[in-house]
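What follows is chain A paired twice: with chain B in the first complex and chain C in the second.
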Partner chain A sequence: MSEVSDVPGVRFGIAAALAVLIVIRVAAQEKPAEMVGGCPAEPLAFHACALQKARTFNPPRTPGGKPDLQGYWRSRLTQAFSVEGVPADEPLIHDPIMPWEAAPPEVIDPADRKIPYQPWAAAIGRRGVNFTQYVDPRTTCSTAGIPRLALQDANQILQPWGDQYVLWAFEDHHNQRVIAMDGRPPVGPAIKTWNGLARGRWEGNTLVIETTNLNGYNWIDDAGNFYTDAVRVTERLTLIDPDTIDFTATFEDPKAYTRPWTVAWALVRAKEPGFELLEEACREGERSLDRIRETTGMKFYFGEPWRGR
Partner chain B sequence: MRIQLSPGPLRGTRPAHAAAAAALLLALAAAPASAHHAFAAEFDSTKPVKFEKAVVTRMEWVNPHVWIHIDVPQADGSVEKWAIEAGTPNVLFRRGFTKDALLPGTSIVVDGYRAKDGSRRANGRDLTLPDGRTLFLGSSGTGAPLERP
Partner chain C sequence: MRSGLIISVVALIVLSAGRGAATAQTVMPPRTPDGKPNLQGIWQAVNTAAWDIQDHAARLGVPAGQGVVEGNEIPYQPSAAAKKRENFANRLTADPETMGYLPGVPRIMYMPFPFQILQTPTHVAMVFEYDRALRTIYTNGTPHPMGPINWWLGDSRGRWDGDTLVVDVVHFTDQTWLDRAGNFHSDALHLVEHYALIGPDHLRYEVTVEDPQVFTRPWKMSMLLYRRKEPDLRLLEYDPGQLLFEAQAERERVKAN
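Right after this comes the complex of A and B.
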């Protein structure tokens, strides 16, 4: 790959992606494939198609000559419940209050599209211990974490003059990330933070963000899929046309997984006239958390299921 | 697939705003976001409630969830006070719904699920206005199905 940085371990061809699409449509009687940026919206097919498009797309540039990703963006997902997908026999599909929806996974690698958990960790993620015994950390109004912030609704990318930083602001609970692009060294592993410390670089036209120093107190999705404080998350953002970003995130966590794994989805430019991020002061009128804990016996999540292992 | 109607030209809003809201609805349709699923645990999915002839007494336009306070007339002539939990202010706002949309005294029909603790609170699903139009309240989260038409 010349201009496009491929995700390590991800070499799925168009044919494989199409085969997946066909299987999904036949097996699940899916509605006709949705398209995004001229590619199928299904994450595996999308990423394969996006890699091809990115080879020939010449993105707009900042005054300093870097690809210009600035603007308002929304994640375009088939579902946001579990990155491993929601099968048609998932009982929560019939939950009358907050039903899940059957849809393909965002995991594109490994090929079985499941998180390669170590056995003990599989029992905690994947609607296991986390989901049944702990309040989703996002419910507490804290950050959704990395990369779940990008999985929520509207966000904004800003590239201040000089290209020393990329700023990524999120409407979800009013979060922001300052991504240092100046090659500064990482900090020591003793420092742990909710959104981690992000170091960015350009690989061709791809913005690569490596985030470490995460405290592991966030989940990856509603299903309680998780990483520990040993994780390194590498996100890649590549414009494939003026209004579509191919987004991937690769998780490396030797404490919890047997190998790195990757999710993908599209970020689509929000083009409504006058669109802007709104304040979301989640704490403002919060009055449900105590009741949830009293009613359900659920606990707050600070990584207890994996800490101390 | 749920049909989600725009609240349309509610009190104090012009049709142009309603059209803009409808356009936003279409744009939002493809933007599923994660739901605060824990909130579902606070309510009892086996206990649906429907309030006919409820009268709005107050609307709390607060994060993380809007609350609509209503008086519910009883057969014996008394009135029960209930609180209905709706979606986040930003989600409702982008659906064309504002804090002026439900002024005190407005008569509405509410569908939802009551709280497990037995208090007079419910998780709102649908709200029907006097002219028959229905607003999907977005439950108490911003879950994917709720963002779709």
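Right after this comes the complex of A and C.
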């Protein structure tokens, strides 16, 4: 015990000073960092941390010995306003009809966290021509598209007997993708589809899904970011603990981008008792699209800004 | 008289023997590792039920067809029979399927598009090329959720009765038809479906249709589903809603130019 601490007044003074310091420290941090699966939720930091965790996590297995990803999942984000991020001073955050939320970019590569558009394409995506002149295809009850489906609402992975297919079902507009795991060749490039045709394989404990034959009629996010019908999307799903998947999607589209680029986010197991996907009939109940188009003059998308390039 | 009786008895024995042979074929369906019949694969109805589930002559663009309704008659209540006739007269625009809506169950089972069955220990998933639809049949012993719920494809809970998958389906809308010919139901529709392999590539599909608001008694449809065996065949996509919008967008583009 020092002499100083034996003096009551001084002791109180030290305690008070410490308390003030603590308050200042807490206030200085913007928010406690949000965590998911023991990793920071911010996409770039999450993916870096998840890669480390995946090295040591031994996932449960299907009867066929494959990593068992089955169950109900949700992204932490539930909405992609812009995969390039939404800054805190974004005016759309105060939009009375469709308010955006501040969010870090989901783009983790390239380092500037921006989509490496060719110049003509940058003017169409990134709240350009698409955003200002066309109705978001998802609003027309089309599919949210690849990989945006994995951001919207809940989804379910099933790994049927035989490990020949993985079924990925999405609550959003009753969507599904059948991922062929049997090493089959791709179908001809003239066959175009909204959700693409997916072929998968296991690389270690990672489910790798290659999707081609996309018609490019979907957007990547609400900001009108896009790919064309030349795109190949490669998704990677890796369990990093029993309830967290590290999800990435890499876009290669020589028509629209200068190089491949990648987004990442976490998928978290939906664990509510009795949870099931519900039927979301979209088109069947859609009543506002005509009014939206009449009042705003917005057009149907169908890839018009890039078709013919 | 007496010899006639003997011949009948002999005929009965022969018939029974034939039936026994048919049963013997169904004793050994391919099985999943949990011992259930393996229904996995891509299947398709090869009949004309999507246009008309009853016997019908050819119409423009519609092949003639032998119906799939047992006995061919549908026991409509009198007011419902009048509604069916009205639906038929207006079918080219009144059929909800022409609007690109989910076609309902059982109609989606006999749309002229392939569908794929995938099985896990707790689910039988039916994935459809038409409208990217999905039927999830829970075989985990869970009951239907509490209604009232109006789902376009209803809520399906299944169980195995021997080698037959029996699916109970409720919670429908009154917005789907059973075919293009205007056969319809209310949201009180209750279906019991039976799926049984009768050979490696043939699946018998039977469905009992019950709807006390429309029919005077339950009635039944029966048909075969055929395995699509083309190598590397996979489901593609037919998105009726988007194809309708695409045509509309093209009209608007032409008009604007």
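Criterion: the second predicted complex is superposed on the first by the 277 of 309 C-alpha atoms of A that agree within 3 Å, B and C clash if a C-alpha of one lies under 4 Å from a C-alpha of the other, contacts with A are read in each partner's own complex, and residues count from 1 in each chain.
Just so we're on the same page, a contact is a pair of C-beta atoms (placed from the backbone, for glycine too) under 8 Å apart; a residue touches a chain by one contact, two chains touch by 3 or more.
All values derive from a computational prediction rather than experimental measurement.
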Does the superposition put A:Ala281 against chain B (first), chain C (second), both, or neither? both
Now for A:Pro185: first (chain B), second (chain C), both, or neither, which partner does it touch? second
Based on the superposed arrangement, let me know which partner A:Thr193 touches: chain B (first), chain C (second), both, or neither? second
A:Arg76 in the overlay: touching chain B, chain C, both, or neither? Say first, second, both or neither. first
For A:Cys141, select first, second, both or neither according to whether it touches chain B, chain C, the two together, or no partner. both
If we overlay the two complexes on their shared chain A, which of chain B and chain C does A:Phe300 touch? Say first, second, both or neither. second
Check whether A:Arg309 is in contact with chain B, with chain C, with both or with neither, and answer first, second, both or neither. neither
So which positions on chain A get touched by both chain B and chain C? 141, 278, 281, 283-284
Report the residues of chain A in contact with chain B in the complex, numbered from low to high. 34, 74-81, 95-101, 135-136, 138-139, 141, 144, 148, 151-154, 171-172, 221-222, 268, 270-272, 278, 280-286, 288, 291-292, 294-296, 298
Per the touch rule, the chain C residues reaching chain A in their complex are 32-34, 38, 40, 100-102, 116, 118-120, 123, 125, 127, 132-134, 136, 138, 142, 145, 151-153, 173, 175, 232, 234-237, 239, 241-242, 245-246, 248-249, 252-253
Using the touch rule from the top, collect the residues of chain B that touch chain A in their complex. 23-24, 27, 30-43, 45, 48, 60, 62-65, 67, 85, 88-90, 93, 113, 115-117, 123, 125, 139-145
If you look only at chain A, which of its residues touch chain C in the complex? 63, 70, 140-143, 158-162, 164-165, 167, 169, 174-176, 178, 180, 184-185, 187, 191, 193-195, 197, 217, 274, 276-279, 281, 283-284, 299-300, 302, 304
